[in-house]
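The two complexes that follow have subunit A in common; it is paired with subunit B in the first and with subunit C in the second.
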Partner chain A sequence: MSKAIMDLTELLERVENDRELIRDLLLIFKEEFPRHLQALRDAVDSMDGEKVAAEAHTMKGMLSTLSATSAASAAARLEQLGRNRKVCEFQEAYAAFENISKKLLLQLDTCMAEVGG
Partner chain B sequence: MDDGAPFSLVLLDHMMPGMDGYEAAKKIRLLAKNEPLVIIILSSAPGLADPRRLKKLGIDRTLIKPLRRATLFEAIRHGLKPPAPSERVPTRPHEMAQARGLRLLLVEDNRVNQKLALRLLEKLGHQVTLAINGQEAIELLQSSAFDLVLMDIQMPVMGGVEATQKIRDAELKTGVHIPIIAMTAHAMMGDAEKYLSAGMDGCVSKPVRVGFLSAEIDRLAKPANAKTLVFS
Partner chain C sequence: MRILIAEDEMMSRKMLQKTLERAGYEVTVVENGRQAADQLCPADGPRLALLDWVMPELDGPGVCREVRKRNAQSYVYLVLLTSKESKKTSSQDSNLGPMIT
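Showing the complex of A and B:
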């Protein structure tokens, strides 16, 4: 069984069991994610540290709001590498981030169903 | 702790390398089993701790750094007694906010975080206007009066620190002071001071929790002062 990337219990607790809100947050995330992932990918490919940091920061914000801690940490790592212009590590950190966020995407529909979506 | 020597009180720093104060508290509480032991966390960023989490970890109290000698003395002396109201980790004075219905300006670029903050603030009974960056916030502050600003830090076009500095500069001519609360994921030591020195009045960490958000708004909002601003 794959480990849950998103801690739905923690999220429910944090928003005081507002399932409708969680559903909205998940829908927005699902809509926003591909665009931001592409922007991050482009920034990584063009080795633009500033853009990598900015895009990874946005990802980190969304993911931590959704209690997806490990994915948020992977984004935080990219943000830090971007800030420090550690271009040689961009690709590897991006791959790690992409890997974990794909697992998260697979989990989204299950979560949506759990909150009554 | 595991050699059996009893301690009655532990003071733990919040941010420590390797194992932070929360993790240490949890472990210490387990080691102490049912022995009476007071655990106090010292933190430089008020509002970061969630009261339910603190309770779960067995932390009795949070003291805000820089620590005053009298506060520390009082905390130790009272030990297991409940904290004084001024020191208590905020619960959630929803009722107060609901009665006030403040005009809030939310400045946030991230759509997921916008939605979360909007919903929490509206549930608290406030009227919320959204700006997606610092520049837009400044434009809105010129045309409408707000009681308080909730400001993200890192945003495209204009970030929260720069926007705050511009707002404070503009206020020099009018003498008004709009409370600005930083909303930041940088739950790092030193950041809170950086925002305060940029002219912000308070800070909540993201992801925001309704209790802390509400407490920080109630602490800072002074609705009677709301005026529009003129930027040069």
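Showing the complex of A and C:
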């Protein structure tokens, strides 16, 4: 079984076991994240450093909120590359980020079930 | 006590709101810096605010400048939140007022 991207135990601790809040956060994430991922993909394809940095910054925040540390780090790398306009590294960093994001999306339903959603 | 949260990202906003409500604060939430400045500038507005640094319409430092310029009646405590990793800040900007980082 692959390693969990989201640390549900840490998140439960951080929100003082407020399972209803976690359910709300997961629902927002499921709704919003794919839209941001597509916007990031478009920004990477058009080599727009400013947009890459802005989208990656937003997604880094969302992932940190969910205690998805490794995914947040991958977003932080893209944000930095975008700020520094290192366009030649965009595709490789995006591929790594997309890979980890897909694993996280697969984990969400399990997390939702664990918090009673 | 009333606290204003200004944060454009929905998940961070929700997390902050629930955490502060659980602690007993009366929380008002807005989604951009312009709305935050409009709430904070009146003399009877909240006296404490948590502001995201990067926001649409007006960023966190921009809200600080507006509040310091327009609200002379009562002091408003402003806390800027950021996940930016750069150590560069606007702490030298005298329009922001006294600042602790």
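FYI, the second predicted complex is superposed on the first by the 117 of 117 C-alpha atoms of A that agree within 3 Å, B and C clash if a C-alpha of one lies under 4 Å from a C-alpha of the other, contacts with A are read in each partner's own complex, and residues count from 1 in each chain.
Convention: a residue touches a chain if its C-beta (ideal position, glycine included) is under 8 Å from a C-beta of that chain, and two chains touch if they have at least 3 such contacts.
None of the values given here were measured: they were computed from a predicted structure.
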| item | value |
| --- | --- |
| Subunit A as common anchor, with subunit B and subunit C clashing or fitting | clash |
| First, second, both or neither for A:Glu32, with subunit B first and subunit C second | both |
| Contacts of A:Ala96 with subunit B and subunit C, given as first, second, both or neither | neither |
| Contacts of A:Thr65 with subunit B and subunit C, given as first, second, both or neither | both |
| Partner chain(s) touched by A:Asp18 [first = subunit B, second = subunit C, both, neither] | both |
| Which superposed partner A:Gln80 touches (first subunit B, second subunit C, both, neither) | second |
| Subunit B versus subunit C as contact partner of A:His57, first or second or both or neither | both |
| Which superposed partner A:Met47 touches (first subunit B, second subunit C, both, neither) | neither |
| Residues on subunit A lying within both footprints (that of subunit B and that of subunit C) | 15-16, 18, 21, 24-25, 28-29, 32, 57-58, 60-62, 64-66 |
| In the complex with subunit B, residue positions of subunit A that touch it | 13-16, 18, 21, 24-25, 28-29, 32, 54, 57-58, 60-62, 64-67 |
| Subunit A-touching residues of subunit C, taken from the complex the two chains share | 9-12, 14-15, 18-19, 22, 54, 83-85 |
| Subunit B residues touching subunit A - in the complex, by the definition given at the top | 52, 109-113, 115-116, 119-120, 123, 154, 156, 185, 206-207, 209-210 |
| Touch list for subunit A against partner subunit C, complex | 15-16, 18, 21, 24-25, 28-29, 32, 57-58, 60-62, 64-66, 76, 80 |
